[in-house]
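Okay, got some structures for you below.
Both complexes below contain chain A, partnered by chain B and then by chain C.
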Partner chain A sequence: MEQQIIRILTELRPEFDFNQNINFIEEGMLDSFDIVNLVSELDSTFGISIDGVDIVPENFSSVEAIKNLLLKNGAK
Partner chain B sequence: MRRIESFHQLTDLSAAVRNRREGFITNFYPDSFKHQVWIDKGVAFFEECGKTVLIIKDNGSFWNIFYMSTSIEELRYSVSSFVNSNGSIPLVLDIVGRKEQCVPVVKVMEDIGFNISSSLVRMQRLASPEEDYPAIEGVPFAVEEDLAEISGCLHEYFNERLEQIPYDEELLAYIRGKHVLTVKDQGRICGFLIFEKNASTLYLRYWFTRPEHREYKVGSRLLRQFFHEGLSTKRQILWVMEDNNNAVKRYIHYGFSNENMYDCIMTYEKL
Partner chain C sequence: MDFTFRNKKITGILTVLPHKVVTFEEEMGNYSFSAAKSMKLKLAMGYKEHRIAQPGQCSSDFCIYGMQYLFDNGLLDKDGIDALLFVSQSPDYYMPPTSNIIQGHFGMKHDMLCMDINQGCAGFEIGLIEAFLLLEQPAINRVVLLNADVLSPKVSDRDRNSKPLIGDAASVTIIEKSDDASVIHANVRMDGTGAFALNIPAGGFRLPSSAETAVMEEDAAGNFRSKDNLVMQGDNVFNFVQREVPPMIEHLLEQAGVLKDEVDWYMFHQPNKFMLHKLADKIGIPYEKMPANIVENFGNASGVTVPTNISYNLGDTVVDGIRKVCLAGFGVGLTWSSILMDLGNMKFNKIIEF
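Take a look at the complex of A and B:
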């Protein structure tokens, strides 16, 4: 799942290295525009619909945070 | 239409549409600072129609419309209903995304009676580790006393329907954050450049030179200082009118390239 997340992030923002252990939001690697697009990609890739209340920046701050978000929303 | 009372309410409205789990399309990208300004000024409203929430920003002479909907057909239904009830006021709506995402929504809006007013394309430039943009002399940051003059220029020279002119509260935040560069002549502003910056990205928001100073490299000095400010960032981003070939060529000259991200600005106005 981590590799799929990194692939989606890299397709969205190819100029950044999402393998780094840094906060994607604080570092400005993802903005609100990117998050809206990222949610759509995650929904379709994992066949889920991420709960609206979960769409807050902290849930997109790292690969681990995104993975936890996906698991919470039923991704396998 | 009901007034929006808090930023939290805005996120709840978005969550309610998503939680239908029937799809999600939007042109609304929440910004806690900017949208709180709208709420504090009492210009942000919403209307629920079917499976769509419309966010309305009342600018006095026209309204900006933002949408969150489950599908294009739901969006068609809700915007048609809204236009039938509120069509005496000019409506401006941005459709943002990759070309293939924008085209079907543009078609729906044209069917309803909207016309394309302008189309912007996002361009980006990736910083090279070797590049060096030394600081330019005579390009200081704006100070709070410059607020009225900068605001005046934005309202006089920019198209408020196409450019989403920031409120003075937003401008003041840009100035206090040292995100407004200026060139002055005897204390009067000849040009300015407003940008946003975070750890990795530099966004060019507004770039302006007074007409009588356009042959004196004011714009070039501002842009070079902008690049200097962004030396620690990895990319620089801006939006430019797609058909403004001179501007596009100029940005390409500086190393920008088209990102395949578009903002199609559509207007509904009863004749």
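Take a look at the complex of A and C:
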């Protein structure tokens, strides 16, 4: 799952290295429009619909946070 | 706050759209998105094209054009209007009320009520509830509800939160007493602690427009706006909608004793496609029952998106037949409201261009 997340993130913002252990939001690697595109990609890749109330910046701050978000929303 | 009404119906909806079409491609250069990001957002958010008023056109001009069309085509009797409601955030003047200006333009009877209501995204539902309340009075048999907004001049060209989605439009809705005893269920919620999630900082009495308020400033997300421009705190609005609207709809259906599947159409306000699809998923409604194509074809004209949605997507199906619809609006105020009612046997339901 982590590798799929990194692949999607890299496709969205190829200029950044998402393997780093840093906060993607605080470092300006993802803005709110990136999150819209990211959620759309994650939804279709994992066959889920991430709950709208979970679409807050902190849930997209790291690969681990995104993984937890996916698991919470039923991704296998 | 919950409401129930009987013996009232919508007998006609006319949506009036500007003829000028502006495409996302024409504006993409203002937003500093990469081409790939733009294309993805186009699909997810519904960035395609929007309708924009010509310079100098005001909300009342669209209303007057629409009402004149109805008079000319024998669809509305000028002397049979007992109340004229104008719901907008873009009135012609601070004073007088725009509804009075429209009444005066047509030389309508004096024995009637004109009222301006400052509401936006939930303005169709708020206006309908006000119309239903007025129709409880013996003296009022027909209400004309005007929803109109020409807010595009207030949105910065370099505001990628709002500019790609803004639209200008008006609608004329006729609401009358009826023999139909079917119950209309409605509710309204307000939270003024979030009043500035959507706002125009300058131009009122608190902060009059000046050379200083016209200075463009860059926000943390790279948008450029002045204090004379509309500001939308997109993240806050999105979270508010996702948190508050699903329970409101559940409550409405529960109050009415109606199952989700028994509703033919969910005609919601359309801020953007992504937000609507997330709402549909959360509430458990198939996308086919919740059209999300208004913002991509015409833009978000605040309270006019729901009547536009009805005119564009339901058309003659509510002239020739009857459909159970759930209407919902949510946004500026913060205000959120929903209505469950039958729409049918209407005299007209269409779109014209001005």
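As a working rule, the second predicted complex is superposed on the first by the 76 of 76 C-alpha atoms of A that agree within 3 Å, B and C clash if a C-alpha of one lies under 4 Å from a C-alpha of the other, contacts with A are read in each partner's own complex, and residues count from 1 in each chain.
Definition applied: a contact is a pair of C-beta atoms (placed from the backbone, for glycine too) under 8 Å apart; a residue touches a chain by one contact, two chains touch by 3 or more.
Being a predicted model, the structure only gives us computed values, none of them experimental.
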item: Partner chain(s) touched by A:Asp51 [first = chain B, second = chain C, both, neither]; value: both
item: Touching partner for A:Ser40 - first (chain B), second (chain C), both, neither; value: both
item: Dominant toucher of chain A (residue count), chain B or chain C; value: B
item: Footprint overlap on chain A, comparing chain B with chain C; value: 31-33, 36-37, 39-40, 49, 51-53, 55-56
item: Interfacial residue positions of chain C with respect to chain A in the complex; value: 33, 37, 40-41, 43-45, 160, 221-222, 234-235, 238-239, 241-243, 274-275, 278-279, 281-282
item: Chain A - residues contacting chain C, complex; value: 12, 31-34, 36-37, 39-40, 49, 51-53, 55-57
item: Touching residues (chain side chain A, partner chain B) in the complex; value: 15-16, 26-29, 31-33, 36-37, 39-40, 43, 49-53, 55-56
item: Of chain B, residues touching chain A in the complex; value: 11, 14-19, 21, 24, 26, 29-31, 96-97, 124, 126, 198-201, 233-235
